[in-house]
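As structure tokens, here come the structures.
Shared chain: subunit A. Partners: subunit B in the first complex, subunit C in the second.
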Partner chain A sequence: MYTVGIDIGSLATKIVLMKDGKIKALLENRSLHNFTAIGTQLFHQILKDNNLTSDDIGNIYSTGYGRHSISKLTSNIITEISAHARGAQYFYPKVQGIIDIGGQDSKVIKLNPKSSTVIDFQMNDKCAAGTGRFLEVMADALDIPIENLGNLALQSKSPVQISSTCTVFAESEVIGHFAQGTAKQDIAAGIHNSIAKRVASMVKRIQIVEPIVFCGGVALNPAVKIALENELKLKLLVPKYPQYIGAIGAALIAKERFKNGRV
Partner chain B sequence: MNTTNTSTPSTRKIVRMLKSSKKISKLIPWYMLKAKINEYIPWKKSAWITSSLPVELLWGFDIFPLHPENNACVSGARKVSLDLIEYAESLGFCRDVCSYMKTNVGAYDKKISIKMGGIAKPDFVVTAGTICDTHVKWFQTQARRMNVPIYVFDVPHIVNHTSESTKKRYKDYVISQIYDFFDFMEDTIGKKMNEKKMLKTWENSRSLSDLWQKIYEYRKKIPTPVGYADTLGDIFPLVLLPGIKKGIKYFEDLLKEVEDYVALGKGILPKEEEKYRLMFEGIPMWYRIKFFHQLMNYGAIVTYEPYTFSFGPSRPYVDNLEDGLKVMADRMMYQPYIYNLSDRIAYFKDIIENYQIDGVLLHENMSCRPSCTGMYDLKQKIQQDLGIPVLLFTCDMNDPRAYAEEQMQTRIESFIEVLEQSKSKRLNS
Partner chain C sequence: MKTFAYFDSTHEFPEEIIIAAQMNPYKILGKADFSTELADQYIPQFICANARSFLNQAIEESSNWEGIAIAHGCDATNRQFDIWDQHVKTQFLYYIHNPLKTDEIAQHFFIGEIKAMILALESHFNIKITLDQLEKAIQVSNQIKILLQNLSKLRITKDISNSEYFDVLKFTMQNPKKKVLPYLKSISIDWLARNPFPINKHPIFLTGSDITHSLWFELLEKVNLRVVRDDLSIGERYFATLIPTDKDPISNIAKYYLNIPRSSTKHPTNPRIKYILKACKKEKIHGVISQIIKFCETFAYDTPFLKSQLEVIQVPVIHLEREYTENIDQQISTRLEAFVELLEQPQ
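Let's turn to the complex of A and B:
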């Protein structure tokens, strides 16, 4: 049976097609300003690419910030928390904790070691510091492509300290360092340490233990993983397709909840 | 086709509450009218008072009580608090200062109508730092700005290992201050304490609290016959009318309806729809009361709030001033919000068990340090010892800028999913 999981995030929308619980296809695009349009477009695209029609799909679940926006297309919704927990288990069945850093929010999820169900979670406060958006703003301030930010940070031997917890003030701090002639790689490393400290405080609040999966689009950035590992003094597991974990989880839950019809 | 970028689903529009609770819409205007009349009669005296102090202290002297916190809630619920808060911030009060205080500063200065939370100038103000240290500075500031006298009670806090002999000395200290307050009333306001009137006030107050206790007892029933939509309004008589007869009739009608509900096995939600019974700790977000109604869309209903319970503690019958003052001093000293952590945890465990609570919501209130201190310890302890889910979320009681709609929606939906898993696991085991 085919199932589809669509994760409509604030910055990117990800879609996964699964067959009998195995990944068949993955697609993503910027969410832009119309969740309904992007979700629908990606759904039709993935069907077309795989020579399928809507009738071939057993169950469709949406998750993410825009999960309610495509209710005409989907059978049901699931929150990012449950979807990421399930998606992380697909790659690491024994996972006990999850750190997900997405475009607009970051979350830490604690799983019950016996039942693998979610027992607690923590999300960032009403602030973009500690999210992918923070890194985007900082990359803009340094005038480098976001894709290069992580590798640049890894070249640093003397990271600066970014002390502001507010994205806007941190941007001013970065510009200040830049104006003083501080090397870009040292500023980039400071930015990564700053995001790591922010997320680490959330991790410590709910006390998750290894094995911990690090996912979300930001997990593609190797410098964030290293900064987080240094801050938390533990190892993080980054799965294949970290940005698709929510969509994969949604597709898996769609399969598990399918009972002779879409539910 | 829906093209709005939102994570918020459509919600239930019907607010489920008891018919008797709706009568609050008559009781509050009655109080407001009395307040308005009081304002224009020169020989009638009024005072501002804060939570944690017994309002009977004022009714016993025939002083009309005005309650800035209560009026601030009205401004919040009427969606005008932000304007008032921003006004206060323009005067220099900072973002982190209590949003009730800033609402009060704005409401008083801008002379908004009492219906929107406006408040008149009092003849004096009386406060204490018992549950909130800001109360003292707030009233000190406003007393200076309005040029009225102030009386401040100094109520010692019971902490871990406070001995019985120390507690007794604390109590004597508080009682001595009540006598001092009587002198203040005579010297400053020109009103003498009348023992007979004070005893009558205490008796009315006791009747009101007894009814509240009985109503609360019925919240243990499944399905619960009283929800948060009820108690949010029902606390009004406990905040402002303890000591007079007006609130008693309101509670008698409420209790009768609750008893009828229980006899018929009825609840605010039908039994089959009441899936999750929640405890809510903290001051509600007055500008976003809809939040609590929306919980019912998921079969979740708040069945216990330390906040509303604390306004009507049980108290013994007293027939003389000395005993009455002892009871009053006890009440001023022992309030859930000043419990030390171990007592607070014990209190929560007791409630969770007795009210068959499935999950706890903790409001980390950005501008109210006292009400959210210790919440992380509380959360961990409940999860560890009782194994039930706890959601701690950050908002503010009266400042809507602290409420992020989409983030809250995600938190609540996620919490419901956690509750579902937790409850089915508990039922299976």
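Let's turn to the complex of A and C:
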């Protein structure tokens, strides 16, 4: 049976097509604040690419910030928390903790080691600090493409300290360092340490333990992973397709909840 | 009937004095439109919006009230009396000290405070507040509390929405008690005839800062969380216990206010936590929602202890920090939905 999971994030929408619990196809696009249109477009595209029609799909679940916006298309919704928990278990069945850093939010999820159910979670407050948006703003301030920010940070031998947790103040701080002639790689490394500190405080609040999966679009940036590992003094597992974990989880839950019809 | 308004950040103000003075005790809860702009000129925004909204309402509406009393509630707000004194136009503004402790010395102190307030009212309004009137006021108060206790119990067995419960409490705290009694009786008839508790709803305990608008209760309802117990001031704290009648009325009133379910504004924390744990065990509560309004540190400080104690009895808890807004908060909504999913997981 085919199932589809659609993760409509504030910045990017990700869609996964699964057959009998195995990944068949993945697609993503910018959400562009038009959740309904992007979600629908990606759904039709993934069907077309795989020579399927809507009738071939057993169950469709949406998740993410815009999960309610494609209710005409989906059978049900699930929150990012449950979706990420399930998606992370797909790659690492023994996972006990999850750190997800997305475009505009970050979350930490604690799982029960015996039952693998969610026992606690933390989400960032209405604040860009500790999210992908923070890195985007900082890359802009440094005038480099966001894709290069992580590798640049890895070249640093002496990271600067970014003391402001607020994105707006941190940007002024970065510009200040820039004006003083600090090397870009040292500023970039400071930026990564700053996001790691912010996320680590959420981790410490609910005290997750290894094995911990690090996912979300920001997990593609190796410097954030290293900064987080240094800050938390533990190892993180980055799954294949880290940005698709929510969509994969939604598609898996769609499969598990299918009972002779879409539910 | 004349209205006398009061501001207490929990259930602190001895409203029986006002009933005995033949006025309507009106609990200030802010305006329906969530406005705080006028008060924001005088109170910085890192103080909770509840307190700012109360001042805002007072600045706008004090001419409708005969006087205003402020009771010592939380430490964040108690010195705001000076701001009210400067900026709220009223003929009579009074501050009554509620002790933090509950021992004999505290009761003795509070008796003195109640007597002083009675004298101040008598002198300003040129009235006499007799012991007999105070006794009658206690009777009325207790009748209301008994009716509310019975209504509250129906939340566990009947289909009573969160906001219906809140609306009843708000009405009770803002309207003349003569109007309140028949109103509560008619609500009892209505609620008794309701359908049983809906199977798709999760019975929860609600705690934390006081909630002054029904919007937040509606948000909980939307995600199928049904508040069947609470320890809020606009909630169980108001009616959980009755005013004793064994001594003179002033001592009885003093004893009552020092022995109601405790809030985080008073020391120590244990009695508050005990009340929550007891209710969770008694009613088979599925989960606890602990919420604070930004930046109510008074309740925030208690949260880790509350969380650890609930873990011991294995009752899931979620802690949320909410804004004072008329808009639905999408992030809070996601967290609540995730909490419901957590409650519904196969164990």
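Note that in this section the second predicted complex is superposed on the first by the 263 of 263 C-alpha atoms of A that agree within 3 Å, B and C clash if a C-alpha of one lies under 4 Å from a C-alpha of the other, contacts with A are read in each partner's own complex, and residues count from 1 in each chain.
The rule we apply is simple: contacts are C-beta pairs under 8 Å (C-beta built on N, C-alpha and C of every residue); 3 or more make two chains touch, one makes a residue touch a chain.
Quick caveat: nothing in here was measured; it's all calculated off a predicted structure.
Engineer: Do subunit B and subunit C fit side by side on subunit A in the superposed arrangement, or is it a clash?
Structural biologist: clash
Engineer: Counting touched residues of subunit A, say whether subunit B or subunit C comes out ahead.
Structural biologist: Partner touching more subunit A residues in the overlay: B.
Engineer: In the superposed arrangement, does A:13 touch subunit B (first), subunit C (second), both or neither?
Structural biologist: neither
Engineer: Looking at the overlay, what does A:194 touch: subunit B (first), subunit C (second), both, or neither?
Structural biologist: neither
Engineer: Is A:185 contacted by the first partner subunit B, the second partner subunit C, both or neither?
Structural biologist: So A:185 meets neither subunit B nor subunit C here.
Engineer: May I ask you to decide whether A:125 touches subunit B, subunit C, both, or neither, giving the answer as first, second, both or neither?
Structural biologist: both
Engineer: First (subunit B), second (subunit C), both or neither: which does A:3 touch?
Structural biologist: The answer is neither, since A:3 touches no partner chain.
Engineer: In the superposed arrangement, does A:82 touch subunit B (first), subunit C (second), both or neither?
Structural biologist: both
Engineer: Contacts for A:65 in the overlay, against subunit B (first) and subunit C (second): which applies, first, second, both or neither?
Structural biologist: both
Engineer: Quick check for you: in the superposed arrangement, does A:34 touch first (subunit B), second (subunit C), both or neither?
Structural biologist: The first partner, subunit B, only.
Engineer: Do subunit B and subunit C land on any of the same subunit A residues, and which?
Structural biologist: 65, 78-82, 105, 115, 117-119, 121, 123, 125-126
Engineer: Over in the complex, which subunit B residues touch subunit A? Could you list them?
Structural biologist: For this pair, the touching residues of subunit B are 1-9, 376, 380, 383, 389-390, 394, 402, 404, 406-407, 410-411, 413-414, 417-418, 421-422, 425.
Engineer: Per the contact definition, I'd like the list of subunit A residues that touch subunit B in the complex.
Structural biologist: Contact set of subunit A toward subunit B: 31, 33-37, 64-69, 71-72, 77-82, 105, 115, 117-121, 123, 125-126, 205, 207.
Engineer: In the complex of these two chains, what residues of subunit C are touching subunit A?
Structural biologist: That would be residues 316, 321, 330-331, 334-335, 337-338, 341-342, 345-347 of subunit C.
Engineer: Quick one: in the complex, what on subunit A touches subunit C?
Structural biologist: Going by the criterion above, the answer is residues 65, 78-82, 105, 115, 117-119, 121, 123, 125-126.
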